[in-house]
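There are structures below to look over.
The following pair of complexes shares a single chain, chain A, combined with chain B in the former and chain C in the latter.
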Partner chain A sequence: MINLQPYSNPTYFAIILSGLLPVIIGLYYGKRLKIYESLISLVFLIFTFGGNHWHQGIALIGYTIFQVLLTIGYAHYRQQKKNQTSVFVTMIVLSIIPLAIVKLTPLFPANHGFNLGFLGISYLTFKTVQVLMELRDGTIKEISASQYLHFLLFFPTISSGPIDRYRRFLKDYENPPARDVYLQNINKAVFYLFQGFLYKYIIGYYLGTRLLPVVTHLALGQRLAFGGTGFSWYLLAYMYVYSLYLFFDFAGYSLFAISISYFMGIQTPQNFNKPFASHNIKEFWNRWHMTLSFWFRDFIFMRFTFWIMKHRWLKNRVRISQLAYLVNFLIMGFWHGVTWYYIVYGLFHAGAIIINDYWLRFKKKHQDKIPHNRFTEYFAIFLTFNVVCFSFLIFSGFLDKLWF
Partner chain B sequence: MKSTKKLWLIFGPVIIAAVLVWGILLLPLNHRRVTNTDLKRSAVSLSTNVYHGTMLKQAAFSKNYVPFMGSSELLRMDPLHPSVLAAKYHRSYQPFLLGSAGSQSLNHFFALQGVHRQLQGKKIVFIISPQWFTKHGQTPDAFGYFYSPLQAIDWLLTAKDSASTRYAANRLLSMPSGQSSSVMTNALQKVADGQEISHSEQLFLEYRRRMLRNEDALFSKIKLDRHWERVKKGERQLPTKDSNQILTTTAIQLAQKHTSNNDLGIDNHFYAQRLRGSRINALRGSQKHFDYRYSPEYSDLELLLSEFKQMHTNVLFVIPPINQKWSRYTGLSLPMLKQTASKLKYQLNSQGFNHILDMTSDSRDDYMMEDTIHLGWLGWLKMDEAVKPFLTQPQAQPHYHLKSYFYTKNWQQALPQKEGSH
Partner chain C sequence: MTDAEKIYEILKDLTDEDLSEKGDTNLFETGLLDSMATVQLLLEIQTELNVDVPVSEFERSEWETPNKIIAKVQTLK
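After this line comes the complex of A and B, so read on.
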């Protein structure tokens, strides 16, 4: 049985685009071929999660049934005008439990039981939690199982995002674009596709497959450098190579997902917007893995802030936002995985953004005394870039290899 | 009308680009000219492109180039390196270096695919490192680095069912490289089971081979000049006369000069970069448990021997020594090394491979090694004493009689009954 991993090689694109050709022609004539689209989505899901990955397929089916029941059930409950906080919290906890189990499983290496995990479980969980939260808010009033399934299992983004929002997705899905708009869409789709090829298959490949093993080897050879800390020039090289690799690989992947979405008349949101040109950490998080950081902003940071303010547990607005940053990035760290370096990565960014906030307030107060010119801007970009790269060095887990 | 024009503007460039790329990759390009300079440089480039390819090797082996197969020691290009000696004294043979750190028997087996015709009945020099023969043998990562789909397809399309063929198919299937394309994996599975590959698989593999050959023709000449300058520089340091006595003096002088910052007889640069300070302390006694006597690598070597037999090549095997000062420091067992060499010699001699230079007993001598386990100065020269007559004088036609026993786990885990027999 064939197994195709998303966007892994040129053949995949040839297969996917020929499979989507009827959808593209349909949209060109202003019609969405819903039944064909559902069928071809199913076929691609089977390609991705079938074959020697069948156990992932089983996990995906179980997970999907569970989440659909949960969401539809909660939507019914909300339609009866009931809105108990305890029910809502239970729903959220239930929705997150599969992901939590998958993330905690590596902590118990003796466990050889059935693995609940599958490629993309995190990204599906972001979607389910988002819909539950919006049902609670009342911004989503009704939900049909079929539409919800299309949203949840939209195959171009199933493995690693970008994370779309339910209402935005549905608007595109239910309203095929006019021909002019669609032509613009596929024009962009072709552009993103080739930008993705450049990013992932050329730059990302060179950095990740050619350069990274070399600097890894060199940096590991310097284990005993600098008083036994392993800090060496090669480690610095590793830091930059890994950071650039991370960007080009993931941005390339995101461009592929966005491109295929656009071919299907779905304007999946952008994930990256020149992140290394950021002037500070706050700006960085508005440019890096944007759909993730906006999800965290809307559903962790903001919710937490309102919650604290509602209960008046803290009065000082500055303290509230600092605490919210800490919680926000700590959860993001745990989400990446329960290892010391992901958690330290989260704490590092929380610290960086809190310091950044102090600076921004200080700068505002002393506007007249602090120079602002081209040089200070370049310096800000340089500093931010290096702080970010250092955080990626933590994130890479390389220090774990180097030290332990 | 306007929309179709827009469509053309969007997809036109993509279609043109696709047609151009496919066209270039499927056009018969394999008659690209290979100049003598290309050959000189590719012979010492140690580039993976050259190792993966066939075009440059075919051109080289049709001339007087002889494969020198090995691993990391090939990079130790001091003035006594075989490539420098052959270039300086215009010997009748010129080494074509194949292998770098990490390439072992299984890679070398595939590296010889596609050049059978050119090597038929010729000679090969093969440096076997005892360090390959670890408990688990070839690591998948290193194999993947040196693996070439072109060579694998060349092999698949010409392989005839035999114990060696099935063994090779199974070995490739056990590596991630053998799983990288589903058509390849299916074809390999069939060959491993002794079946023939289907007509459609054959067509697909031929189509892939055409593409890969063109990639080889287009890209394998990139970055060939990496080590050529070092060979030139080495030539300038050699005496004008090709005399063993004078060369010995030169080798000792160079070695003394280059091993002055440590007592281990290790090249200054190597020592300063990799060992000096606290780094070396961590290595004291670190190789006590190393054991090269039992390894799946012995069967991979057998596969390579079957390849030598198939091509009727005459092969000189070199088993390099280990810097004894270094092995004393790291605790590596010399008796174990001797037993490894005996086992290797047994496997070779008992099947008719009789040209063996076992240097393991030279471990004690000074200036044999450039650093820890890599031949240098006097070591290269000592090897040259065997290589030069082997390659410049006519040799008797060898008669090989291979035994499938060497493919078994029993052999991998055994020691020959009488040590040092033959």
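After this line comes the complex of A and C, so read on.
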């Protein structure tokens, strides 16, 4: 049986667009062909998780059944006007457990048992946790298994996002766009598709497949440089090449996912907005992997600060925000994987954003004394870019290779 | 004090700016409110105006200007 990884080669795009043609025609006439769309989604899920990836398929099915039961069960519980914190916390923990097991498994190399993991499990978990939290808050009141499945298993974004929100997704799913809006969507979809090709298959390919191996080799050859730390000019080159590769590869992928969503009349949110033009780290996180950082902002940072302030456990607002940044980015680090460099990456960004906040407060207080002109703006962008690239060097795991 | 006055009072406290004449200022784009200040805003609305606003209810586009906040609070009352 064939296996096709999402957006991996021209065949995939040819198949996906011809498979979606009836959906596109349907939407042009203002109708969503729900049954056909469900069937074609199933076919694409089988392409991704079938064939020689069948064990992932089994894991996905088991995971999905488990999460649907959990969510429908909790929705039922909330409809009876019951709202115990202990039940809510249990639900969240249960929902995260499969991901936690998958992330912790590599720490025990002796374990050769069945792997629970599948492509996209960490992205699906964002969706399940989000829905549970909104059921708790009462902003989602009822949930049907079928709608929930469409949201969870929406195939264009299943492997790596962008991470949509349940209510937003459902609004698009249940209300096909008017013809003029849909034609604009198609327009954008085509543009994003070609922008994605440029980013991922031309720029990203050149950086990742051509340039990166060269600088990797050169930088590894300088292990003894700078007093045995391995810090060399080649390492600096690796840092920039890897950072740019990471952006173009991931932004390109995101554009594909958004493009296919738009063809299907679903306006999946953007993931990147010129991140390297940010003037500071705080702004960077509003522009880089936005659906992830907004998820963390809304479901970790804001809830954590809300909870602390409501119970008055800490008085000092500055301390609360610093603690929240630490928790926020530490969880983000662990989410990427349980290795020292992902966790240090998280701590590094927490530190950077805390320092950034000190500076912003200082600047506000001394507004009249601090110059602001084109030069200071360029300098801010330059500094932010370098801080970010250094964090990606940590993130890349290259230092692990260089040092250990 | 009316609800609108109370909201402007809260916003003045959080942003150090009197926005009562500038009801259409975008609080997020201008950087006047960050996530931390937003949480404080929700808590203040809860205690001062007795309106319960869960974090999930907070959709940025619906809360981005003082006028929108005032309108939103009315619908939640």
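To be clear about the criterion, the second predicted complex is superposed on the first by the 404 of 404 C-alpha atoms of A that agree within 3 Å, B and C clash if a C-alpha of one lies under 4 Å from a C-alpha of the other, contacts with A are read in each partner's own complex, and residues count from 1 in each chain.
What we mean here is this: a residue touches a chain if its C-beta (ideal position, glycine included) is under 8 Å from a C-beta of that chain, and two chains touch if they have at least 3 such contacts.
Worth saying up front: this structure is predicted, and the values here are computed from it rather than measured.
Placing chain B and chain C on a common chain A by superposition gives a fit, with no clash between them. In the superposition on chain A, contact of A:L224 is made with chain B only, not with chain C.
Once the two complexes are laid over each other on the shared chain, residue contacts for A:K81 go to neither chain B nor chain C.
By the touch criterion stated above, A:R179 is placed in contact with chain B alone, chain C being left untouched.
Looking at the shared chain after the overlay, A:T139 reaches chain C, while chain B stays out of its contact range. Taking chain A as the reference chain, the count of touched residues is higher for C when chain B and chain C are set side by side.
Touch criterion met: A:F306 reaches chain C, while chain B stays clear of it.
Contacts of A:K369 after superposition on the shared chain: neither chain B nor chain C is touched. Working from the superposition on chain A, the chain A vertex angle toward chain B and chain C, CA centres, sits at 150° in steps of 10.
Using the contact criterion defined above for the overlaid structures, shared-chain residue A:K315 touches neither chain B nor chain C, since it reaches no partner. Of the two partner chains placed by the overlay, neither chain B nor chain C lies in contact with A:K274. Nowhere in the superposition do the C-alpha atoms of chain B and chain C come closer than 30 Å. Residue ranges on chain A touching chain C, taken from their complex, read 133-134, 137-140, 282, 297-298, 301-303, 305-306, 309-310, 317, 320-321, 324, 364.
Those residues of chain B that touch chain A in the complex are listed here as 3, 6-7, 9-11, 14, 182, 274, 277-279, 282.
Chain A meets chain B in the complex at residues 2-3, 28, 179, 183, 186-187, 190, 194, 221, 223-224, 228. Chain C makes touch with chain A in their complex at residues 16, 34-36, 38-40, 42-43, 54-58.
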